[in-house]
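Below, chain A partners chain B and then partners chain C, in two separate complexes.
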Partner chain A sequence: MKIRTRQRIAQTTSFWIFRLATYTILAAATYIFLDIGIKGSRTLFTAHAPFINVPFLTQRPQTLFVFDYQGTKYTLSDSEFRVWKAQHPEEVEATSVAYSAGGVWPCIVGTALLVIGSMIFALAVGICSAIYLSEYSQNSRFIRLIRIAILNLAGVPSIVFGLFGFGLFVIFLHWNVSLLAGWFTLGLMILPAIITASEESLRAVPNGLREGSLALGATKWQTIRKNVLPYALPGILTSSILGISRVAGETAPIMFTAAYALRDEMPWQVQHWTDFVFQGVMALPYHIYVVSSKIPQNEYTERMQYGAACILLLLVFVIALTSIVLREKARRRLSW
Partner chain B sequence: MVIMEKETEHPAPPFEPQKVAEPEPQEKAMITVSDVDFSYGAHQVLFDVNLEIPPRAVTAFIGPSGCGKTTLLRCFNRMNDLIDGAHVSAGRIELEGHDINAPDIDVVELRRRVGMVFQKSNPFPKSIYDNVAYGLRVLGATKKSRINEAVEKSLRAAALWGEVKDRLDSSAYGLSGGQQQRLCIARALAVEPEVILMDEPCSALDPIATAKVEELIYQLRENFTIVIVTHNMQQAGRCSNYTAFFYLGRLIEFGATSKIFSNPSERQTEDYITGRFG
Partner chain C sequence: MAVPLPVRRWHADSLIKAFFGSNALIAIVVLALITIFLFREGFGFFGKNLANIRLYRRAGLEYVDILRDSANSHAALSRSLNDIRKRAAATESADTLSRFDEFSTAFSDSAENLNGLVSDAGDKAVALRDALALLIGDVDHSGENSEQGAATPPIDEAGTIAALRANTATFATTAAALDRTIRDLLKTAPSFQDAITKRAFEYWTKKVDGYLASLPATTKKLQAWNPERPVPAYRAVTSFLFGRDWITASFWQDWYGIIPLFVGSFLVSIVALAIAVPFGVASAIYVSEVAQPAEKRFIKPYVEFIAAIPSVVLGFFGIAVVGQTIRHVSQSSFFHWVSFFPISERLNIFTAGSLLALMAVSTIFTLAEDALRNVPRGFVEASYALGANRLQTVGRVIVPASLSGIVSAILLGFGRVIGETMVVLLCAGNRIAIPDFTQGLGAFFQPVHTMTGIIAQEMGEVVRGSIHYRALFMVGLALFAITLATNYAAQKLVARYRMSIG
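Up next, the complex of A and B:
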């Protein structure tokens, strides 16, 4: 009887430990999403029509000027302040708060450009090497070495990728801080994840489909193109879109290679089209980093910090949702 | 000794003795296997196999599991190339007199001529129509009318047309197991092979579906050379003209099915067929 009681206590205790451990992650997730969601939506949404803070989404970041004038407190952005000064000739004592007015439009554009370019690079290289590894390579010592390299690359911290990109692309190749350097740095960073996931999706395609196709007189490439790759695509898609979320959110790899803290021109305002890839851009994660740690904090900075974080979260959320929808669609169409 | 010396002195004799008296079969063999050894890496699975597979007939390979019959079957269209380290370590396999392992043989063309139906039916996750048209398309057929014609012809030949003609565009995965296997046969027929290899095509089918496939095999032998691996003794008896019995990687006996089943010349064959082992 006594042993049984002890066992029951052990049962209950272990059950609760496991349960609490699981609840911890729930609590953390809830706190993060609520905190950023609530504070961020104060910036993102407005109380009156159209209910979305359009200037925040369409303007570039500006300096905020705060001052008292004839007993009224004004908070004006850089451009508004200039207009105001033109109308009011008297001197006012204004406090300026960097980045805290305007919006994040250039950051959204920059992040989108970085994501598109690096994903094109990573998918092209990643799918090709996954096909090679899964369909063509034989199990040799060299291939095992490659696999170890991929595994190790996946574990390299992103700041190291940033430094690598800085050393190779920015300095050695003289690309300076540019989209091109950012694309390659980010692309190389998610390459291992894409190769691994694509290879797994390719291996999940039943061997019978390969043999069946080859037995009909199809070449190896025809077999891969028509009877293997299409069925592996849903998996490749999932992995790649998870890769997008990572690329969109990483700060370290782009802070030395592609991101500017502030840039007045939009990416398409270049003199010659070749300059396009050699320009730095603003990017959301780097902007969040700058506004939350590089400027003096006060009551006016929170708006921008939480707004930018919330936008980034929403962006990643939408991308992940798209991936799930696309994958389910593809799965329903191609299942074995 | 004297004879050997003579042969080395005259590597090419000036005339061939006439072969009139030799008991040659009526037609030349479709596939000739001579002295074949086969290994997976260091593990040898076939030993000195000699076999002539006659054209337009059904040849059955029987024998206990692991005796090498599937391995030999997969040699005929070089499917074993897909397995690391698998190779014919000695001997020749000829298709109509051409060594199929010769370096200048186009393995893609070989596989077009030697079709295969697998143990586990493997329809592609496509429509019924696209499954049958697949082989034609990879061979470069683009004309819609020609593909339509070939699809219908193959499905008719596989005795499947009546069952699927109204739903050619629906998924092949909606078919029953037996229908799927006949679809795989139709798919193989569509590229007009000369030989069809069947690796236990009925092992996953119920008796009724098996009967249909067997009937189909029986009809197909009029136009194709068929080699079938089977574990089912009755099946070999029912639908084959010739039977080869393998045991532990060696060909024990080969002959007309009626003879093998009624009056085998080897003791091992008799034991296996009567169910004393295996």
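Up next, the complex of A and C:
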């Protein structure tokens, strides 16, 4: 009897320790979300209509000027400061804080461009690879080699992808710091995840569909095109959405391949349409790196720092949430 | 009409197959390309590094460094004398203290001649090095002296080396004088009341004895030094793999040793895993064995969310919140008993490690939970049938059966942590130095630089094709090799684990 009691106490205690560990993790993560969410929402939202800080989302990052003039304290962005100076001919001593005024519009555009291009590339190559692995593969040595390569590629650090992209695309192919180099670097980085997800979806399509089609005299390709891909595609796209959130948040691969710390033109302001893919862009994660490492932490910089971090976090979460919700839905609907 | 059709179809089908196959091949091609391009950009490093080290010897910088070592150990002794002074200030009388100050000033002044010797010889050696570098043309010293080319006098290499080596005799006489001065000085050393200070001073005296004894050995080393002696080619590799200094863009000599960076990466990963492994494994056990279905449905997606946090946001959070918090905690009176608190740097190994722990937790949790769930039902049922309770079943059956899966989860977590860039770049403090392990656990609260961080930080600033640039690629290659090895070990473990259950 005594032993049973002791065992029960041991069990209850250990299970409570496990529970505590689990909820500590969740609490730590929640704290991060709340801290960045609350401080960031001071930047992102306003107290009066339209409640969203439109200038922050639509302006370029600018230098902030702080100065006292006739007893009032002014904090003006670069463009505002110029207008103000034109009206007030007196000399004022202004402290400038880089990046802290304006908004993050070019960064959002740049990140969107990077995500779209790299996902198109990764999905095209990834789905084709997955079709080969799941539909054509025999258990040959070649296939095993490919699988090992995919597994290892998934473990390569993102900064190594950055170095590789720099060595191959930027230097060897002379693309310089460009969207194109960023697309390929990010696309190759996300490729293993896309292949794995696509293969899983393809394998989930029951074999009866393939066999029925082949039995009716269709070729292999016709079978894949008409009877396998249409059923697998929703699954592939859903699980690939999680890849988007990773591409959107990565900094290391684009540091030397695609991102600029500051650029005055928007991506569509190019001389010739071919220049479009050969231009570097500003990107949200790189911008966060720049504003959190190159400028000090104070009341003036906090607005930009927390605002940028919060908007990236929000973006990634919306994407991840979409993916998780869609996946749950798909699981319920598609039970073969 | 009907005959060629199947043939063409067969052709089309095999073409399609080849198309898909070539796409699948991309994974292998990319892996090969990564290796090739890291090598292509990085491999020239060894040649340049060898030339760099050869020049270091040929120009006599190595000779001066022998002298400098001696001067540096003297300076280190002066510094520890200052430490003793700090400690003694509380316990000793003003009279003793003033005598002690006199003593320590006299001690640090005693090296004046030696320091003068070092700086004279250093100037000569650097001038020769720069002239030789221009002559050879190739070796760059980070652009610092590239414009001095216009007015180079003809190089008198032998003359300069001879002038340098004349310093050996000067050093011998200086050392003898130093020996005498210090021994005289030691006789006038003040005595202390406090036992601890006394012991510290005695320990210091012993170190001084050791230093004085090392002077003749230094003279011998100077005599034995030979600029003509060839530098063996393997030094280019060993000075990279085992070099304890990563010094770039210095006026003296650049060293590219990976050890401080590797130690930094490694320590940060250790901290991250020390936190993440208990939490990750415990929560995996909780979710797979204890939690209610409703809890499971909530916890698992939440952890996936954690995995999706962009690392740069975590890094920013570390700078903005975690570093400050850790420093505040270390300053609170509650932690006065911890010897290395309060910490001086808010960005250090622990700050970065604790944030990386959060990233590693999600990896470890997901993979370990998978492994636990895949334990065959029969094992669990057999355990219950024998009368074991849930804890016993978890501890004696489920965890041992999935142990290799859990270990491989930990390995993959390690791979993720050591390859992570933004968090360590922002939060590890970025000081290129091996932490001072004499402080015990305090070493984990010192700033370091990491392999990933150094690439991210310096790659944007280096001259393409320079030795520094190539050294960064070599660091990338080392990182690549480490993660491949970790991955390989994890895969092997999983393969074995499948067999043991099947």
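Note that the second predicted complex is superposed on the first by the 321 of 336 C-alpha atoms of A that agree within 3 Å, B and C clash if a C-alpha of one lies under 4 Å from a C-alpha of the other, contacts with A are read in each partner's own complex, and residues count from 1 in each chain.
Here is the rule we go by: contacts are C-beta pairs under 8 Å (C-beta built on N, C-alpha and C of every residue); 3 or more make two chains touch, one makes a residue touch a chain.
These numbers come from a predicted model, not from an experiment.
K.L.:
After lining both complexes up on chain A, report clash or fit for chain B versus chain C.
P.N.:
These partners fit in the superposed model.
K.L.:
Is A:Thr219 touching the first partner chain B, the second partner chain C, both, or neither of them?
P.N.:
In the superposition, A:Thr219 contacts both chain B and chain C.
K.L.:
Decide which partner touches more residues of chain A, taking chain B and chain C as the two options.
P.N.:
Between chain B and chain C, C touches the greater number of residues in chain A.
K.L.:
Identify the partner contact of A:Tyr260: answer first if only chain B is touched, second if only chain C is, both if each is, neither if none is.
P.N.:
neither
K.L.:
Just checking: does A:Phe81 make contact with chain B only, chain C only, both, or neither of them? Give me first, second, both or neither.
P.N.:
Neither: A:Phe81 stays clear of chain B and chain C.
K.L.:
If you stack the two complexes on chain A, which partner ends up touching A:Trp183: first (chain B), second (chain C), both, or neither?
P.N.:
A:Trp183 contacts neither chain B nor chain C.
K.L.:
Counting only touches as set out at the top, which of chain B and chain C does A:Ala21 meet: first, second, both, neither?
P.N.:
second
K.L.:
Where does A:Tyr99 make contact in the superposed view: on chain B (first), on chain C (second), on both, or on neither?
P.N.:
A:Tyr99 contacts neither chain B nor chain C.
K.L.:
Regarding the shared-chain residue A:Val156, is it in contact with chain B (first), chain C (second), both, or neither?
P.N.:
In the superposition, A:Val156 touches chain C alone.
K.L.:
Rounding in steps of 10 degrees, give the angle chain B-chain A-chain C taken between C-alpha centres.
P.N.:
Placing chain A at the corner, the angle measures out to 110 degrees.
K.L.:
In the overlaid three-chain picture, find the nearest pair of C-alpha atoms across chain B and chain C and give that distance in Å.
P.N.:
In the combined three-chain model, chain B comes within 5 Å of chain C at the C-alpha level.
K.L.:
Both chain B and chain C touch chain A; at which residues?
P.N.:
219
K.L.:
Which of the residues in chain B come into contact with chain A in the complex?
P.N.:
Chain B reaches chain A through residues 77, 79, 82, 84, 108-109, 111-112, 115-116, 118, 120, 122-125, 134-135, 137-139, 173, 184, 187-188, 191.
K.L.:
For chain A, which residues are in contact with chain C within the complex?
P.N.:
Interface residues on the chain A side: 7-8, 10-11, 14-15, 17-19, 21-22, 24-26, 28-29, 32, 35-36, 125, 128-129, 131-133, 135-136, 145-146, 148-164, 166-168, 171-172, 188, 191-192, 195, 219-221, 242, 245-246, 248-252, 255-256, 285-286, 288-289, 292-293, 297, 305-306, 309, 312-313, 316-317, 320, 324.
K.L.:
For the complex, give me every residue of chain A touching chain B.
P.N.:
Interface residues on chain A, with respect to chain B: 138-139, 206, 208-219, 222, 226-227, 231, 334-336.
K.L.:
In their complex, what parts of chain C are in touch with chain A?
P.N.:
Per the touch definition, chain C meets chain A at residues 9, 12-13, 16-17, 19-21, 23-28, 30-31, 33-34, 37-38, 40-41, 278-280, 282-283, 285-287, 290-291, 299, 301-306, 308-317, 319-321, 358, 361, 365, 389-392, 412, 415-416, 418-422, 425-426, 452, 455-456, 459-460, 464, 472-473, 476, 479-480, 483-484, 486-488, 491.
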